[in-house]
Every structure is written in C-alpha cells, then in structure tokens.
Amino acid sequence: MSLLDLTATQLAKAIKEGRTTAVEAMQAVIEQIENKDKELNCYVTFDKEAALEAARKAQEAIEAGTLTGPLAGVPVAVKDNMCTKDVLTTCSSRILGNFVPTYSAEAVIKLEEAGAVIIGKTNMDEFAMGSTTETSAYGVTKNPWNTAHVPGGSSGGSAAAVAADECFFALGSDTGGSIRQPASYCGVVGMKPTYGTVSRYGLIAYGSSLDQIGPLCKDVTDCAVIMETIASHDLKDSTSIERHDTDFTKALVDDVKGMKIGIPSTYFGEGLDSQVRKTILDAVEVLKSKGAVVEEFDLDLVDYAIPAYYTIASAEASSNLERFDGVKYGYRAKDYEGLHDMYKKTRSEGFGPEVKRRIMLGSFVLSSGYYDAYYLKALKVKALIKKAFDQAFAAYDVIIAPAAPTTAPVLGSSLSDPIKMYLGDIYTISLNLAGLPGISIPCGFDSKGLPVGMQIIGDCFKEHNIIRAAYAYEQARGAFPKPDGKKEAH
Amino acid sequence: MANVISDETIEYVGILAKLELSEEDKENAKKDMADMLDYIDKMGELDTDGVEPMSHIFPVRNVMRDDVVTNGDGSADTLKNAPESNDEAFIVPKTVD
Amino acid sequence: MAKTYEAVIGLEVHVELATKTKIFCGCSTAFGGAPNTHTCPVCTGMPGSLPVLNRQVVEYAAAVGLATNCTITQNCKFDRKNYFYPDNPQNYQISQLYLPICRDGHVDIELSDGTVKPVRIHEIHMEEDAGKLVHDDWDDVSYVDFNRSGVPLIEIVSEPDMRSAQEVIAYLEKLRLVIQYLGASDCKLQEGSMRADVNLSVREAGSAEFGTRTETKNLNSFSAIQRAIEAETARQIDLLEAGQPVIQETRRWDDNKGYSYAMRSKEDAQDYRYFPDPDLVPVDISDEWLEEIRSRQPEFKTEKMKRYKEEFGIPDYDIDIITDSKKMADIFEEATALCNKPKKVSNWLMVETMRLLKEKSMDASDLTFSAANLAKLVNLTEAGTINSSVAKEVFEKIFSDDIDPDVYVEEHGLKQVNDESALRQTVEEIVAANPQSVEDYRGGKEKAIGFLVGQTMKAMKGKANPAMVNQMLKEILSR
C-alpha cells in the first residue's frame, strides 16, 4: 500500500504514530506531481524545495511535540485565489501574474495552525469565473479520470489534484458550485459550508455575498476534520458568523434512520443526463435502505436561480475586480498614454474573455437606469429562493440533488456557448444564493467511466445533517475507485 | 423580450468597466450581453411586489471594531508589489484634475 | 428694466472625523507620517482584504446628526460608489446612498441683521476618504500616498436654502462650532479636515423654479468660498443674460486665478453604480445606543452663553468670543474654577490669547496651554508677586510652552521688588543721574516723571513695583 492511498486523517495519524513522516508524505506527493502534473496541470505554483523545507520544519515540530494539530504534517494544495504570504497568488489570471501577497488568507492560517503543509497553488478558472478550469491564463487542467475531459471548475485544479493523489486534500472556493461540481466531475468529496462559516479574509473576491471556502478531499471523514479546522469566527471578516456547532466530526455517524430526505422533482427532470439521474437515485435508495425517509417534492423557483445568480455575481464581480488597475500590484500595460489609457490597456490585456464578459454584464446591470430592473430584482428573487428553501427544510432534514446535469464534458466543448455553460450550474447555485451548505460525494460512474457526484444539501448551519447522510452513504458504498488516467478517443 | 445592445451602450459600459474593446470584442460583447439579458429577463416573470430585497442572507448586525490602532508602519508591504514606485509612493501617469 | 437674480445655494460638506483609526481598519489617522506608512491591506485595496467598521465613526456621525436636529436612521447600511481614480485604491468608495445614518435636520444661522434663518440638512452619511496625489513638477507622473485613504468622513448635505456667500459662511461656521464642541472633528478648511463643495444655481428673484446648478469644488478657505460663490453667481447670470444655458457640471475653483473651470472628461461617466456593500453588515442603532450617544452630548454654545452670564457676570461680548471655541470655553471654565476670578481669566483670553492667536495665525482649537497654568498666573498677578508687564512676558511662555508660572518666575527671578530701601536707592541714583528731567518736572513738565519711572524700571530689570516707584519719585522730586 502506498502512502498516497491514505486519507488525510489516516496520514496524520500515521505521522503522529511515527509510522511515516511529513517529509515522506511530501516526497510521495512530489513524486506524483512530477509524474502526472505535466499532463494534468493541477498546479499553477509548485516550489518543490519550499514544499520539502516546509515538510521538514513540520516534522521537526511534530517530533518536538509543538505541532500536534489534527492535520499535522499533511500536504495540502490551496486554490490560487487564496492569498498565501510570500507565495505567488495569481487567481489564474494574467493581471495577478506577479502578485506575491504579504499576508495569508485566514483559512490558510487555520490550516497551517493545524499543521498542514502547503504544497503549492492550484489552477482554477480565472477569478473563479467558469465551470471547467479552461478560462485559466495558465493552461487547462485535465480530468484525471480521462484527460480528454475537463475537471470541472472553478476549483478544477484542487479537485483534480485530490483525485490524482497530487495532494492529500485541497482547499477550494465555491461561489456557484465551484467546489461541488468539480468534486463531482473528479470523483472526490467537496463541500461548501454555510455562508459565513469559513472566513473570506484573504480570499480574492468574486461574488462577495456568495463566496465560501471549503475542502476537496478523499472522504467524508477528511471533510469533517478539515471543516473543523478551517471554520472560524474571524473578526477581520464582517460576514463571518460566530458558531458554536463546528464540531463537525461529531456528525460522522453511520445512522440515517428516520432522516427525512427530500428529492426535488424539478432537479431530476428535463436537462438531467439519464445516467446521472439513475446513479444518484440508486444512491438515494441506499440511504432509504438504511432507514432514511425519502420523499419527492416540488422545489419552487428553480428556473429563476440562474438569472438571479448571474446578475448578483456579475454585479459584485464588476466592483470587486475594479481594484485590478495596474496601480498597486499585478500587471501594468507597457505602452499607454495617460491614466485612463493605462487602466484600459492594463485591464484589457490582463483579464481573459470570460472575466471581461462578466465585468461588462455586471457594470451594465448596475448602471444608471437598470439597477432596479436587474440588481434589485435579483435581490428580491434571492429572497424568494431563500424562502422556498426555508419551506423545504421545514419538511426535510436534507435535500438530495445532482451536483451537475452531466458528467465532465470534453475539453473545449463548453466555452463557446456561455449560457449553456451557465445552465450547468443549475443544481448548485441556489445554495450560494440562499447561503446553504452542500456536499458532493461520488456515487458511481456513467457509461464512459466518468464519476458522478451526489449533492446533499442542508439548511443553513445544518452541516451535521449533510455530513451524517454523506458518511452513512459512504459507509455503505465502500471505497471509491481511483482514476487510472486513460485517455478516451473522441 | 429580445434585447438589442447598441454600439453606444457597449461603448458606455466599456468606459464604466475600464475595458478597451476591439471592434470584434464589441460585436461579441453586444451579442453576449443581449443573450444574457434575454436570459436574465426571465426574472421579470416573477411577481416580487412587496418582497424585501435580500442583500445579506443572515440578519447579522453591528459588526464593529473599537477605535484602537492595531497597525504599524505598513509601507514596505504596501509597496512591495507596486508595478511602479519610488521608495515611498506608487507612481501613476499624471492625473489631471 | 434689468432683471434681478438670486443665487440658490446648497452645500456638501465633508468633515474628517477625529477618530484614532481609519473607518475600516486599525491604521492610524495621524497627520504627518511619511507616505504610505499608515497603510495596511484593507486601506490599500489589496486582494482579499475586507473592511470592518469602526464603532466610533457611527457614534460621531450620530452625535453630529443629533446636534443638527436630524432623524437618525436606526437601520443604516453602506453602499459602494464605483469610480476609477488612483487615490481610490479599490476603485470604489464605501459610502452610504440608500440608507444614510442621518436625515432631515436643520441648523439655525444668525445673519448680520440679527435675523435667524434655518438651513435644512438633507442627510449626513458616513464614508471613507481617498488617498493623496502629489504631482511631479518635472515628470509626467503623480505619486500616490494612501495615508489618508480610509480616514473616516461624514458628508453633510444641505438643502438649497442659502442665498449668499454670507449665509454659506454663517452655515459653515455654525457646523464647525457644533462639530468642534462634539469633539468629532477639528474642522479646519485649510488642512482639509472640513471641505465644502458648493452647489449653486441662479434664478430671477422671486421665482419658485430652480435654475440648472453647478457644483464647485476645491474651496480651501472661507475667503475662497466667498470669492467662488460671487464668481459663479456672476458667471451664471452672464450666461442667462446672454441667452445661453447653464450646463450642469462640476467645476474646480482656482483661488489664485480667481476663476473656476469645468472638470469634464469623456472617461468620466459619473455613473457610480451604487449597490449595497456585501462585505459590511447593516448597522442597527438601538434606542438604548442612541440614548447613550444623546446623553454624552456636550453643553453647546447657546446654553453655555446663558450659563456664563448667570454664573460669572462677565460681559456678553467676552462670553460670545470665549464660547466660540469649545477649547477656549473649556480653558475658561477650568481656570475660573481654580482661581475664582472669571473676569481676570476672561481678560487673558480676550486680550493676550486672541492677540497671540492672530499673530501666529492659529485657531483657538490649536491652544495647547493648560488652564491650571493660566489660573496660577492670575493668582501671581493678583497677589502682586509679579507686575503686569512681567505677567505678559510669562503668559507668552505659557501660551507657547505651557510652562508652570510659579516655577518660571522663581527660576528667572521675576518677582516684583517691593523692598522699600532697595527701590529708594535706585530711585535716588536715577534722580541724581538725570538732572535735566528733574528740572523739567519741577518746571511744570509733569510728563518728565514718566521718563524717570522708565529709567528706574529699566535699572530694576522690569521687576520694580511701578506704583511704589511712582510714589517715591513724586516724594523725592517735591522735596
């Protein structure tokens, strides 16, 4: 058995017990990266010597008894939209191609406090805008299950790195499904917690009211352990919530007897790939056989979530990305005449097409005369969507849905039709609008051998329910296979 | 329904967003924006009269700090990533008021 | 017959609040640091940084609102105002548009003819200040310093209720007085801690309609405001007389040249795309909190004037000047409490203090001396320990260095000489040395005694008791 077969939690235990070391774990990961990453391109920034040095330091501290955290010595990959002190942080954008933060994101600090050792920074859709990791300025990331397919996005690098054993776990961020959808495409566990559970300080904002950091990992136990580590009430983030129920590992209980599960029929109708549907409904049957009470119901307003989401996310993004102007950090155009030309050239050369598309849309919907019709309207729709979920959660403990309508699409097939791509977010984005937690857990394959993820959705602050359901399912499912990286002909 | 985005609108939004668009970019942007707006206009079907717009999901209020200085000299960190600076300030093309 | 016009003026007044830290981060607001030393990721718009509101800003803003008869918005929010400029690190300013903290207030201004006129306040909102741009004299570049970026401001927006520069200045003085009394700001126009933008239109006198207004910026003194208002009124009247339209625009006043010019740019769409800032949560000001703020409101000028008249019996004129500055009033009250001689304290403030302030072009709010030292000086003078000319000299040291007059007089040997024999000896010597003056005096030129007094004081290094010297001279000369 290879070290790489261990989960993060198992590895931490092995290191603690002296059966292996942080350095050995890092070496194993490095070897895997050296073998695979040329093809997969999970990492934007990977500094072998720095990673090894960090692992050595961690091991010394572990041996000295000063580093005792739950993830002590475990190598972790961090999505490149989280600031890491003294380490390049690009958001997979040309405009931040040389940005080295002088501070770390709070979630990264929490991981380091728990002893995790940073390997490098993972690839993503530029500024997290995309669903395939193809909008990165630093090349596409490929799906470890089949390198002709995308890993999903925007946290595609993190998801693929976990699936390919190029790390033991990773951090991602989720604004509209950016953790759960790539987790589904790559056959790993991914979770977006309740809005406000993980500090956004140091996360380079896309849609501030929607963004949340969460784990991508090998199993539900890791997920709970990592969540316990990164959840915090951070005084630097005004939207961070003070919670006293972040003991997520307590939810690792193999028991769903009497748990009420709602299946929104609107999520399983038209537009959903039939193999994906069957795979997920089979998984639901597993929970049912373990005593869960499953019921179909109508979730309202599903069709309005995408329009509301793209209005709000684009508007916030257009404002959040104004700071990238060539004045304080990052890229500045070489030839310009005067200030405004410098701004325009810098931004036009620095941002990719999808980012520009959303900035343009966001600027438009906020512009004079349109605010009420678009932005304000979207905030009202958001309120109604939240209400619809409140009603659903009055009846059910969790809701089960697909994470995406299909398995991972073929590389190059998505970007040409943006609206079609946006429609792929239909099962994930409502959670961001309503602040809800959701987990994606692998539950099978389609006929092409690509993984399918089941999304388990909880009410706000009810991560315990979804972790419990996911854990119980995982216990019944058994170990999920690993990719062998074959390339399918198309 | 079908939205048509004029050249003027794209020009105007380009000024707001500080993006320089080639003729081809502009044509693409006109189409993309029109398509998206057509799609977003679906929200109009929904009756939202009397609905309070929800900018924050949770009713959290009054997150404030005390008026106590916590930061020291930050100039080195502030200027570290500057594309152009002297020892103490960022340098930009001359701003004309 | 020529038409008569009137100006219709509203003001947007920005006031920098006297907090120790910035509105959204723990950086110092102190003046005078080297560029960018008072900065952090938040106030320089670094990626991933987030704002956290300074409670004191809310309290100052609400206090100003209460003092200007506003309704306090008990659920207020922050919005983003989006525009690109290098002094604005995020390229949006966090401000308040939809739910400003204060609304619908007024202050009463007193006009030169004694009438009182209310000026309505539309709203007061909280926002962050921008950084500073310094333009290179030789090169085509500007330097950006973010030390002021994120310093808290309130913007006080009046209704268009003013009709002349005099009214505008009276309004600004009133605001300044109230805000200084609250300790919410020092309100210095020259230093930019108070800034006024003038919205002005003209119309035919008596008309109920408003004309098209312009906004004039960059007014750094009362005289600049006065000149700019007069110039803009004349410019708009000229346009109307010539049958040309007034264009709604922002103009920048050049006080050296004495005219304003339009700040227009095609890159400036003036479309700020305000929306609620998702990074900040709303502020609820409960009844209890509001009551707490209200209970801390100080005694303002009007109440003080009334009380001084009853308590201290000093002239109305003195009271008016002393209460024009909270600082001065505080010194007056404290010194009086210590020495119990209100008129004497008042005299020091009215005469010497005012003279020195003027001489050093300082504002009363800049006074740094302690009331205790002034009270000691009054006691020294009253007890005859020092004479009045020495007292003036000592006061200058109190004014500039806040010295302790007891120690200073002792150390410098400035005590008045009341010793009869010592005085007599000196007077005799002076009389002997100036036979001409003695002769003049005896010949009827009474003024000659002044010269002899002066010579004696000089010989005694100013410390002689002047009354005793006078009396002694007269006695000797009449022998």
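Each chain gets a letter, A, B and C, in the order it is written, and its residues are counted from 1.
The rule we apply is simple: a contact is a pair of C-beta atoms (placed from the backbone, for glycine too) under 8 Å apart; a residue touches a chain by one contact, two chains touch by 3 or more.
This structure is a prediction, so every number in the text was calculated from the model and none was measured.
Undergrad: What's the chain with its C-alpha centre farthest out from chain A?
TA: That would be chain C.
Undergrad: Looking at mean CA positions, which chain is nearest the middle of everything shown?
TA: B
Undergrad: Which pair wins on C-beta contacts, B-C or A-C?
TA: The greater number of contacts lies at B-C.
Undergrad: Measure off the straight-line distance from the CA centroid of chain A to the CA centroid of chain B, and report it in whole Å.
TA: Computed from C-alpha means, the inter-chain centre distance equals 23 Å.
Undergrad: Need the CA-centroid distance for the pair chain B / chain C, whole Å please.
TA: 39
Undergrad: As a quick test, compute the distance in whole Å between the mean CA positions of chain A and chain C.
TA: 55
Undergrad: Send over the residues of chain B in touch with two or more other chains.
TA: Counting only residues that touch two or more other chains, chain B contributes 12, 16, 18, 55-56, 60, 63, 65, 77-78, 90, 92-95.
Undergrad: Touching at least two other chains at once: which residues of chain C meet that condition?
TA: Within chain C, the residues that touch at least two other chains are 41, 44, 52-53, 82, 84, 86, 144, 267, 271, 273, 278, 280-281.
Undergrad: If a residue has to touch 2 or more other chains to count, which residues of chain A qualify?
TA: Expected reply: 99, 102-103, 209, 235, 238-239, 318, 322, 325, 327-329, 339-340, 343, 363, 367.
Undergrad: Note which residues of chain A are touching chain C in the complex, please.
TA: 82-83, 89, 91, 96, 99, 101-103, 105, 200-205, 207-209, 235-239, 315-316, 318-319, 322-325, 327-329, 339-340, 343, 363, 366-368, 371, 375
Undergrad: Any idea which chain C residues touch chain B in the complex?
TA: 19-21, 25-28, 33-41, 44, 52-56, 58, 77, 82, 84-87, 133-136, 139-146, 218, 252, 263, 266-267, 269, 271, 273, 276, 278, 280-284
Undergrad: Contact residues on chain B for chain A in the complex?
TA: These residues of chain B touch chain A: 9-10, 12-14, 16-21, 25, 29, 32-33, 35-37, 39-46, 48, 51-58, 60, 63, 65, 77-78, 80-84, 90, 92-96.
Undergrad: Would you mind writing out the residues of chain A in touch with chain B in their complex?
TA: 98-100, 102-103, 195-196, 209, 235, 238-239, 241, 301, 303-304, 306-308, 310-311, 318, 322, 325-332, 336, 338-345, 347-348, 351, 356-357, 359-365, 367, 373-374, 376-384, 386, 418-419, 422, 434-435, 460
Undergrad: Flag every residue of chain C that touches chain A in the complex, lowest number first.
TA: Interface residues on the chain C side: 41, 44-53, 80, 82, 84, 86, 89-92, 144, 265, 267, 271, 273-275, 278-281.
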